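Have a look at these structures, which come just after this line.
Here chain A shows up in two complexes: once beside chain B, once beside chain C.
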Partner chain A sequence: MQSTMQKLRQLNLSQYVVYIGFLLIFLFFAVTLGNDGFLTQRNLTNIILQTAPITIMAIGLVFVLAAGEIDLSFGSIVAVAALSSAVVLGEYPLFVGVLAGLGVGLAIGFFNGILVAYLRLPSFLVTLATMGLFAGVARSMTNLRSVPVLNESFVNMFGSGALFGVPSLVLWTIGAVALGHFVFRETKFGAHVLATGDNARAAQVTGIKVPHIRVWVLTICGGLAGLAGLLYAGRLQAARYTLGESDLMTVIAAVIIGGTALKGGKGTIIGALVGSLMMGMLNNGLILMGLSVSDQMIVRGVIILIAVAISLRDVNN
Partner chain B sequence: MKNLTKMMAGGLTALLMTSGAFAQTIGPNGETATPSTEVVVADSDVDALKNGGYTAALVWHDQSDFVNAVTEGATDEFTRLGIEVVATTNASFDTAKQRSDIETVLTKEPDIVLALPLDPVASAAAFREAVDNNVQLVFLSNVPDGYKHGEQYASIVTDDLFAMGKQAADALAADLGETGKVGWIYHDATYYVTNQRDNAFKTTIENDYPNMEIVAQAGISDPARAEDIANAMLLKHPDLAGVYVTWAGPAEGVLSALRANGNKTTKVVTLDLSEPIALDMVRGGNVTAIVADEAYELGRAMAASAARGLLGQESPAFVVAPAVTVTADNVAEGWMQSLHREAPESLTK
Partner chain C sequence: MDLSNNQAADVLQLKNIHKAFGGVVAIEDFSLNLKAGEIVALVGDNGAGKSTLIKIVSGVHAPTSGTIAIDGQQTSFKDATEARASGIEVVYQDLALADEQAVYMNMFLGREKTKGPFGQLDRKGMVQETEQLVKELDVRIPSAKTTIRNLSGGQRQGVAIARATHWATKLVLLDEPTAALGVAETAKVEENVAALKERNLAVLIISHSLDQVFRLSDRICVLRRGQQIGVRETAKTDKNEIVSMITGV
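The block that comes next holds the complex of A and B.
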């Protein structure tokens, strides 16, 4: 009995909190909102579609946090990438528009990476500055105007289309999670990211090129933010300077609840996916419950606080 | 009190119509305005609606006193008609979230959706699913591109935007004796509501008050920068007699700049009710008047238009609720008329 208790105490709750939390919230909504459409295929699919850009951004942030850095600028990158793509698509074919969006995301991420890795500036301050810088760029690019996306192939590929009956946003989510998980868990690069985040000096001593890792993770994060921008542009069939602006806290919460350590050296892509779905499910369920907007915010805040507290408490222990 | 409010609104509407103010507020697609008091559900139709078991969802852009009052007006009218409000959302000015909110509320299969579409371009796709589901859509202040009255939506309901800007100009002119230099702080964004209000102020000063001149103008897109903008304006033009500020949020920053400069003479006029701004006004500070909309009436008219749609009755394409000029003398009545609630105690004590 004592050994069972000891084992339970030793169990690192943070590894499972996101899965337990997800299950509990799902069961709660399933029971209370079963007759209000929560369990319908359409609603459950909607949750995945709505969280697709959040999940994609969360994957990038897992790499950055696991390497011991942070990126606050990805929300602004989303808007710049979406607007770049939408503007280019107005005159050029599909692949040029896609390249424009992804290229802008990668370039801004690379820019962040160079400043952090080679000028030795703290990533918090660098990305805080570039967050404001590129939010301004997004506003000035089209003089605050929204840009419609009329390219049907683009809309199908990144928004409302489907392949073999599976919505394209679901496919992007599955693809990005699978690739992200593989790179993070199964490749030397993933191990180097974790080693850098765990102890950068020790990683350097063992021959890991720490500055390269820092540039790479921030570039990946920028590129994935660019992809999220394309998904938003496809879904809304338009790009606007506000896209991604309010996602920063949602993505950080999804990643931390998912079990990635803020201090670096620990991360999980699958956890980030489940954290992101949990955030989406919370938004969805609280609206379906018919709560007032203020009550939705309070309940969501309390649940996130509990989840983050459990995650971080175990990390700190 | 509700009847009194309606009577006051009706009276003011008639007054504005005779002054030609309504003729100058036009819809996003050039529609002619119809006063909100003309959009009503007859008592004889209430039973039919009550027996229909209809539901409604409110898909808002943000949360504020204004939205709360619109919600209250709509909810009260829905209650009268036996229509249940099953979901309320707040997109926090995020177009992507608004799209998600629409998808989520449609799970509950509402018959009516009242909404403020955040952006004509980005909202077109967002509301398409609601249109496909034959939901009665009534929009507040904005309409998605390509949507047609009677096909995709029942009505657009908004403030009498021109009257708001004009009444702000009239109030400032009255306080300044129709003379003096004026600063114009406008909303620097392509947003139909603020653009019409701001331009109405400018046009009125230029056309109706020959001894007043707009000598300084500055655009604002981030309310947090209002204080900096006002400081720069006051530095260049220390002799400004009055300043127009596009809405109450940035006006708080402008007021802060005036106080920091020890300026007690430059008068401020702004739009939309705010307790800090009104407090300065009742204490005899810089603020001379606030022009507000009748938010509660907007909500009532939206609900009525949607309900009429369920009955197969067409509502006007573009409906406007009147504007109210609130000064230190009528702050309690103005608050009630606009937001359908008592003014904060700090203003009436």
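The block that comes next holds the complex of A and C.
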């Protein structure tokens, strides 16, 4: 009897907030927007497709937050990576363009990581600075012009294509979530990321190379932001400096609501996936409800605030 | 009088250890030998240099001069990882545990067991070994899967000592392991320390409680402001002598 009580108390509510929230929002839109096309297969698929880049970025952010750091620069990386890829694809074959986008993402993430791990600058300040820096780079790269992506195989692979009837964006999402979950949950590296974010000194004295972990998580986050950039460029068949610009809040909210701790030591990739889908569904539903853009922003902000408050509630207790 | 043979039996030999931080001399000239299965207590007032000495032995600090030998082999550890690889484990004053992780993950922190072609964590194996170890040492925790955050101070220190017990092959260093604990919890931790001796490990323990020192140790080594005042066999000294050595009056 007492042990049941104890178990109940130890049961961490924040882990389930995202699933309950997801269901509630889904039911709400299903009832109120059932006749406005919310429940059509086409609309539901659309939500998943639009959420793909968010999910990919969220996976990277789980690694960073779990390690006790933060990345604010991934939105800017998305734009720089997408533009790099689009520009290179204008003259070179597919794989060079892909490498350009991913390489730029990895390189910027690595740069963040070196500054954080070896100069011991706070990641909040480092990535705040690189966020601004690379937003500027993205603007000046093409003088604010958008660059069309005409390479068909690229568009198939990262945008409108499909394999065995499954849209490529869904495949990227599944692949990244599966790999991310495996690395995070099942490998030594994942355990060391959590230990570093939980108690860096304890991790250090047990022989974990804490600086390496910090470089790795920020590099992973940069690389995944690069991939998100490719997915945007593929779906829109163009790259533009505005890509990823407004994703910062959405991704952070998705990850926190998903059950990852802002202070490190705790994280879940599956939670981040459901959190991302929840944010995508919210966007979609609010548009279908006919809210103006400014009203959408307000409602979304309020809902994020409530969800984050519930998620963080038992951390404070 | 086979001196060389006698020395070979010593797990740890510290000779003329000197340590200065910039202009501050933390350890003057320290020499001590420890045998397997022996508990030596290190006592002295605040700032005497006790923690510094343990950090030198565990590879956190390098001595300014002097030598360290393990099993008669002179060594100089580059970092704590190297010391650990030589079978030296430390239980820190402020616990080096990751609060949000489970007991078994802390037990294997940095040395996780893996299996399979992709190096997956062997959680089952780690849980089993942890459960066996905490049972052997009688560390009373709900389960190996409990999160550290949900344990009491004594249970946490029990886990930290169990970890040291599991990994140490030669020497365990403890820096005030019961400083934050109540009476019953302290007794439990003392049992765990005594169990280290039964496993034939050498133990160097820092404590401010003379009662504890007299309960546990074979010898007592006194430091005062970085100076080694002397080493006494516990059975052949008393509290008055140790107190006067500590305070210098």
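Following the convention adopted for this analysis, the second predicted complex is superposed on the first by the 303 of 317 C-alpha atoms of A that agree within 3 Å, B and C clash if a C-alpha of one lies under 4 Å from a C-alpha of the other, contacts with A are read in each partner's own complex, and residues count from 1 in each chain.
Heads up, the rule we're going with is that a contact is a pair of C-beta atoms (placed from the backbone, for glycine too) under 8 Å apart; a residue touches a chain by one contact, two chains touch by 3 or more.
Note that the coordinates shown come from a computational prediction; the quantities given were computed from them, not determined experimentally.
After superposition on chain A, the partners chain B and chain C are seen to fit next to each other with no clash.
By the touch criterion stated above, A:R139 is placed in contact with chain B alone, chain C being left untouched. By the touch criterion defined above, A:L24 reaches neither chain B nor chain C.
After overlaying the two complexes on the shared chain, residue contacts for A:L179 are found with neither chain B nor chain C. With both structures placed on the common chain, the touch criterion links A:L236 to chain B but leaves chain C unconnected.
Touched residues of chain A were counted for both chain B and chain C, and B has more of them. By the touch criterion stated above, A:V302 is placed in contact with neither chain B nor chain C. In the superposed model, A:S294 makes contact with chain B only, not with chain C. When the two complexes are laid on top of each other via chain A, the two nearest Cα atoms from chain B and chain C are 37 angstrom apart. Within chain A, not a single residue is touched by chain B in the first complex and by chain C in the second. Those residues of chain A whose C-beta lies close enough to touch chain C in the complex are 6, 10, 182, 186-188, 190-192, 194-195, 198-199, 201-208, 261, 265-266. On chain A, the positions that touch chain B within their shared complex are 36-38, 40, 42-43, 46, 49-50, 53, 139, 143-148, 159-160, 232, 235-240, 242-246, 280, 283-284, 287-288, 290-294, 296-297. Listed in rising order, the residues of chain B touching chain A in the complex are 60, 63, 85-90, 92-97, 99-101, 103-105, 107-109, 119-122, 124-126, 145, 188-190, 221. The touching residues of chain C, when paired with chain A in their complex, are 60, 80-81, 84, 90, 92, 95-101, 105, 109-112, 114, 118-121, 142, 147, 150.
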